[in-house]
Amino acid sequence: MRNWRYIVYIVVISLAISFPFYAGVHPIHVATTILSLLALALSWDILLRGGQLSLGVSAFFGIGSYTTVLTHLNWEVSPLLSIVLGGLAAGVVALVIGLAVLRLRGLYFAIVTLALTFIFIVIVRNLTDLTGGAIGKLIPSVIFGGDPAMIYWLTLAIAVATIITSEIFQKTRIHFALTSIRNNEIAAKSSGIDIFKYLLFAFVVTAVIQGVVGGVHAQRFAFVSPEESFSLTFTILPLAMCLLGGSFSTLGSVIGAGGLGVLAEYLRLMMPRGHLAIYGLVMVMAILLMPKGIVGTIREQLVRRKTASS
Amino acid sequence: MLVVKGVDIYYGKLQVLWDLSLQVGKESVGLFGPNGAGKTTLVNAIVGLVKPANGEITFGGRSLLPLETHRIIREGVAVVPQERELFPFMSVLGNLKSGAAYIPGARDKIDERMRFIFDIFPVLKERLGQLAVTLSGGEQRMLAIARSLMAGPKLLILDEPSSGLQPSLVSDLFRRMREIREKEGVSILIAEQNVRQCLRAIDRGYVIENGRVVIEDSAEGLAHSDHVRRSYLGL
Amino acid sequence: MLAKLRQRDYQILIAFIIVAAILAFWRPHVLISGLQRGSLYVLIALPVGIIYGILGILNLAHGEFMMLGAFFAFSLVTLTGIDPLIAMLPAFPAMFVVGIVTYRLTIKHVVRAPLNQFLLTFGLAVMLTEMANLIWTTRPRIVWVPYAASSATIGPITFGTFEFVYVAAAAIVLVGMFLFLTRTRAGLAAMAVGQNPRGAKLVGIDVERTYMMIFSACLAVLGPIGALFLIRHAIFPGVGGPFSLRAVSIVAMAGFGNLPGILVWGIGLGLAEAFVRSFRGWGGWADIIFFGMIILVVFYRSYQRRVR
Amino acid sequence: MKKGILLIAVALLLASSLVAVGCPRPVLEEPPVEPIRLGAVNPLGDITGRQSAQGMKLAVAEINAAGGILGRPLELIVMDDEFSPAVGAAAIEKLATVHEVDIFIGGMASGVHLAQIPILAKHGRVTVWIGAASHLVEAAIAALPDHDWYFHLHPWDYQQVEGTVEGWAAIVEKFPQIRLDRMFVAYEEGAFGAAGFAISRALFADVTIEGESFTSAVFGGGDFRAVLRHAKEFNPDAFVWVGFDPDALGMMVQAKEIGFAPPVFLGTPPGWPVGFGEIPLSEAVWLYGMWSPELKGVSPEAAHFWWAFIEKFGEEPATYFAPLGYVNVKFVAAGIERAGTLERGPLIEALREVRFEDTAVGWPLTIAPSRLIRHQGFTRQMILQWQGGRQEVIWPFEVATAEPIFPFPRWEDR
Amino acid sequence: MSVLRIENLTRRFGGLVALSGVNLELRENEILGLIGPNGAGKTTLVNVISGIYLPNSGRIIFDGKDVTESPAHIRCRLGIGRTFQIIQPNQNLNVLENVMVGSLFGQGAGLKEARRKAQEICQFLGLSRIERDITRLTVLEIKKMEMAHALATQPKVLLLDEIMTGLNIDEAREVIELVRKIRDQGMTICVIEHMMRIIKELTDRVLVLDRGEVIAEGLYEEVSNDPRVISAYLGEEE
């Protein structure tokens, strides 16, 4: 029966990889966007598993975007390498500010990470010489010459890497550390868990993911600006996807991102004007009817059925 | 006064009370049993925090089952829960007032009730302006009892009043319960693990085990019951 | 805790008065516009603080509800031609009803479920904005009343006077809330519910109803606030979003549940912003002051907590 | 809980019916024969994008009513970009591959368009764009190996400023009492304002310019007192604010508060709040624009558009993107007519030759190279002034509808 | 031979002195009872020893090393294990996984090894149904799990904070037997209780705390007759 599972994995992965061969260009674009949001959602969830609710996804996304564009422009670093640098820069920034902000908990952590996003916006906007100020910067050419399939594969690779990271976080000792921290920090400490180390590690790893996604975004659309690169959309949309799909699991974010992404596309088609209102309504309804997210609710039903039969 | 009849309660699939019946008239009644026997569940069921699957709970002839908790309290049932459930950042005075303010009959008699309470718990008078959170464990327990008395209840239910109290305070507490019973004429139901101390305060008692009533007897009878001795007094 | 002045608050108050005195001589207009703007922040943040303190819900759609209140007042003004100040009166019950409906349909189900309320109130924000967009479009709407631009001159400085209404309104709302919470039975119930909902049930308080009333009352206040806002600002569907963010930030800064703190930090931020802006060419950095201060204060608080 | 779900369901119904009423029918007109497909991308949630799409619809309806072009009807497909680069880019891809449009039209925000350019370039189909004024966009297009297929009707940001430089020179010459030696520019701190200020500073060569940024009311700002105070201290001949529509009221009210009434008070938002002209503070405020409703008095085409639009949609055009959308389709139609084919080469050639003496925006339209790209349409914007609640055209003098009011009347006299 | 020595330990919370000048010595392989009325500072002492709070003054010497300033997780790894009075088991993990956390981080075991050790310990404590959901455990099982979790960190010293609370007499007996069994494995144990009966049965030596101070130390019989203890613990004679 175990093998059956792997067959599903293989089918899904090969379908995902071969997607550009049987899908039109528009679906590829949509899928690329969904995949990058998926990576953001999952990275957000990884930190949440340690009990830390970050509202600073946009900050690392933006840092990644800017680093990518600036290194690419100023030092003529190749696009792929510049994306890696974007991730590294986000990681380094996370390491530095993590030393301070990870001492905070709960809503205080959330508010400070959000405030940091705005501080980055102000800094980027005012350092006109380096960043191009409010107007932003332009790259003369898009990565891979704008080939949507190549960009899709790149994004897919990042999303898969994020999924693997997430699974590693779920299957190794890190999982035990993060859940214990989320459950009760004092008890976790007394079990020998170095809380700060694990949270910092998760914070940096997720920041790197967010930075890389930001870098790809910048390379894909070939420009950065404070409003676009630090847009709160990149915090809120992944958050919504993760919570709707179900937090604390890899599958939850995957389903949430896929579901909400496709839904958004469908709504846009159905009603060119006003689909965003429905989008909001769907979020509200989902929270009211499925407070644990899609995966959480299904899992709960399964458990209930199991206990009922036993 | 309070009649519990054939009550079954489940937590999910797990049944915790089995066909449980008891009565409290104008008297003090003890409800004994080891941890996990279902005492707290029964208390919660009476005040409407848990709804039974079967059975009936009436108070003064009126069914309590369809009522929400705050309605039951307004009917004249007061409860001192095990966790005390005070308002930590409110003063002692505020806590006391809150006990009477939402009970139709009691809200006009706050001063009168307050005098009565200072009579029984003089220490609270000294602490009137202090925040509840700054009181010691014993004082908080007194405040919780005093708050429920502010409502001028017909029935007072205490859940594990001795838990977390040092032994010297426990006997004092039960002495006061006796006093309240005599002065106020209020019916009292005490759910307790500590049988020996509690027997002084009650007229009659039930012993429950695994969600079923196993013994019902007078205080005198319970004190001499072998069964009770064996399982609870550790003798 | 809730609405209780402590010694430290007095110290902050004195520090405030000193800062104000210095500003009054050095840059008087900073004092005036900072106070006015800060009061607006306080006005919008206070209900957020109350809702958080009692229901445990951080309402991210707060600014959007203010937008709704402002549009209600606007519709009333344009349809009937009444003065916006008079439109404040019907705006109160109207928003109260909005509050009740919102509570019953949504908030009720997520009280004290921290993650979900985040998403729920955010979903509400999106919905309200987009519905307003469908009804009124994104074109900004304005009303004009001559007193909105009234001004006074004292010595060398000329300044706008209308926004002192914000200061007065903030004072009224704060004092009103304080009296309500400490002097009335319903207020006592609200405090009790906020501190211990289970305990509140056990003294006979209808917790559900208290939640609903407090939530609705806090939204109802947004009706008049929206009308006051309308007098000085153009309104459009997205007008509330930034204020949601600011209000939540101020509440976080004050320490969740600390109402006088909202007053202090709301006005403090107003003054700080006005101060930075008063230097020509540095206005672009004003936001960094706002968010930087939030970060510093939050860190200071957590540091304090750890030492204690 | 059951009851709750029921309530929610009712709310859902109400909300969706509201949405259904609020949103226009899908913008598809069923064609009898193979139509010519135009694909437009606009931010439909915003008034500019929505009315721009309406303007296009009006033009398509008129052309189809007259028998279409080359015997084929026009089909217009409008997609929303939600002001998001990712959505806007995907929309182009969809129009190209799913709807297989022949020509791309539309547009608004520069940020969105920057993301669309690579995809437009990949498909290389004829594109006639009426938005995206940023010089960054021009640079991005010029950097493409080939951009013959790209037509840009909206003036670039620097051209807009060049136009005002030219216009002001003409105004100062014609009305000697007006002076323009010292200018104070208050600009919103985002891309729109920052670019406006930078270009103004570069192009108004003979003018002493000071500037300061402010936070627009769109982003929760709206407190302009410090900026206005600094402007007052500077004592300029002209005060210019570069911001968005919601900033308009605050600017006027707060300037009046501190008694700041410079000889020229000028605002450059993309549109104005509803009823702005009716408030007394608006009198004699200058503005720049591509168009004015008052042009219907001097331009027959503008007048035709004005009344047709009102008749079709029951509302007045509120932004110049309404007539510009109309011109967009008219221009494309004229090109196709002239080329007699949809083939790329001849069509580009024909579009290059299209010449309108008069358009819905009141300007003549011809295609000429701009600083960096080959096919640029309009290159100037007008200088207007609010007079008696109307936006009167002051310059160019050929289409002027009124004489300027100068100097700015004192606040107390209103 | 002392495993843990505490010298002159003081801890204040704001104005409240929770512990003042506490001296304590844990001898190898003994069971020490730590008793005292409510608010005496028992749990605070445990928290200071395990590193949840740092002391204001004083020293903690463990196994010959000064650990006064060491963070909690380091002390756990050195060999100070503890249970909590209010147990908050990790709801997202099953029984075995909860126990595994101890060996994973307390002794740095790998996943496989941790699982094996956790199984061993559960078996040792008579904890069956280890794949079970936490929410369906009995009180006794939860207590056992808490002990198993602490044991899994392989401590030299085990601090049991009110592990008997909420158990009935039979269950308490079972736990007392288990504690003895654990001690026989060569561990040093400190039991915090306020039920005298259990202390009497279980411990070798007793230390009495009252208002943050050690007021008596010695064998149960000696201590229980100490008038200071009686008045502190049972209240002043009326």
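Order as written gives the chain letters A, B, C, D and E; numbering starts at 1 within each chain.
In this text, a residue touches a chain if its C-beta (ideal position, glycine included) is under 8 Å from a C-beta of that chain, and two chains touch if they have at least 3 such contacts.
Keep in mind that what you see is a predicted model, and the values were worked out from it rather than measured.
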Fewest touching-chain hops separating chain D from chain E: 2
Set of chains whose contacts include both chain E and chain C: A, B
Distance-maximising chain from chain E - centres being C-alpha averages: D
Pair exhibiting more inter-chain C-beta contacts, C-D or B-C: C-D
Most distant chain from chain A, judged by the mean position of its C-alpha atoms: B
Distance between the centres, which are taken as Cα means, of chain C and chain A, whole angstrom: 32
Approximate Å spacing (C-alpha centroids) for the pair chain A, chain D: 35
Centroid distance [mean C-alpha coordinates] between chain E and chain A, Å: 42
Residues within chain A bordering two or more other chains: 125, 273-274, 276-277, 281, 288
Multi-chain contact sites of chain C, meaning residues that touch two or more partners: 109, 127, 130-131, 133-134, 245, 284, 287
Touch list for chain A against partner chain C, complex: 53, 100, 103-108, 111-112, 114-116, 118-119, 121-123, 125-126, 236, 239-240, 243-244, 247, 273-274, 276-277, 279-284, 287-288, 291
Interfacial residue positions of chain C with respect to chain D in the complex: 29, 33, 37, 104-105, 108-109, 127, 130-131, 133-135, 137-142, 144, 148-151, 158-160, 232-236, 238-239, 241-243, 245-246, 273-274, 277-278, 280-281, 283-284, 286-287
Contacting residues of chain D [partner chain A, same complex]: 4-5, 8, 12, 15-16, 19-20, 22-24, 26-27, 44-45, 50, 78-80, 82, 84-87, 89-90, 93-94, 96-98, 111, 114-115, 117-119, 121-122, 134, 136, 139-140, 143, 189-191, 193-195, 198
List of chain E residues in touch with chain A within their complex: 50-52, 71-73, 76-77, 81-82, 84, 88-93, 97, 100-102, 104-108, 111, 114, 149, 153
Of all residues in chain C, those that touch chain A in their complex: 58, 106, 109-110, 113-116, 118-120, 122-131, 133-134, 245, 248-249, 252, 256, 284-285, 287-288, 290-292, 294-295, 298-299, 301-302, 306
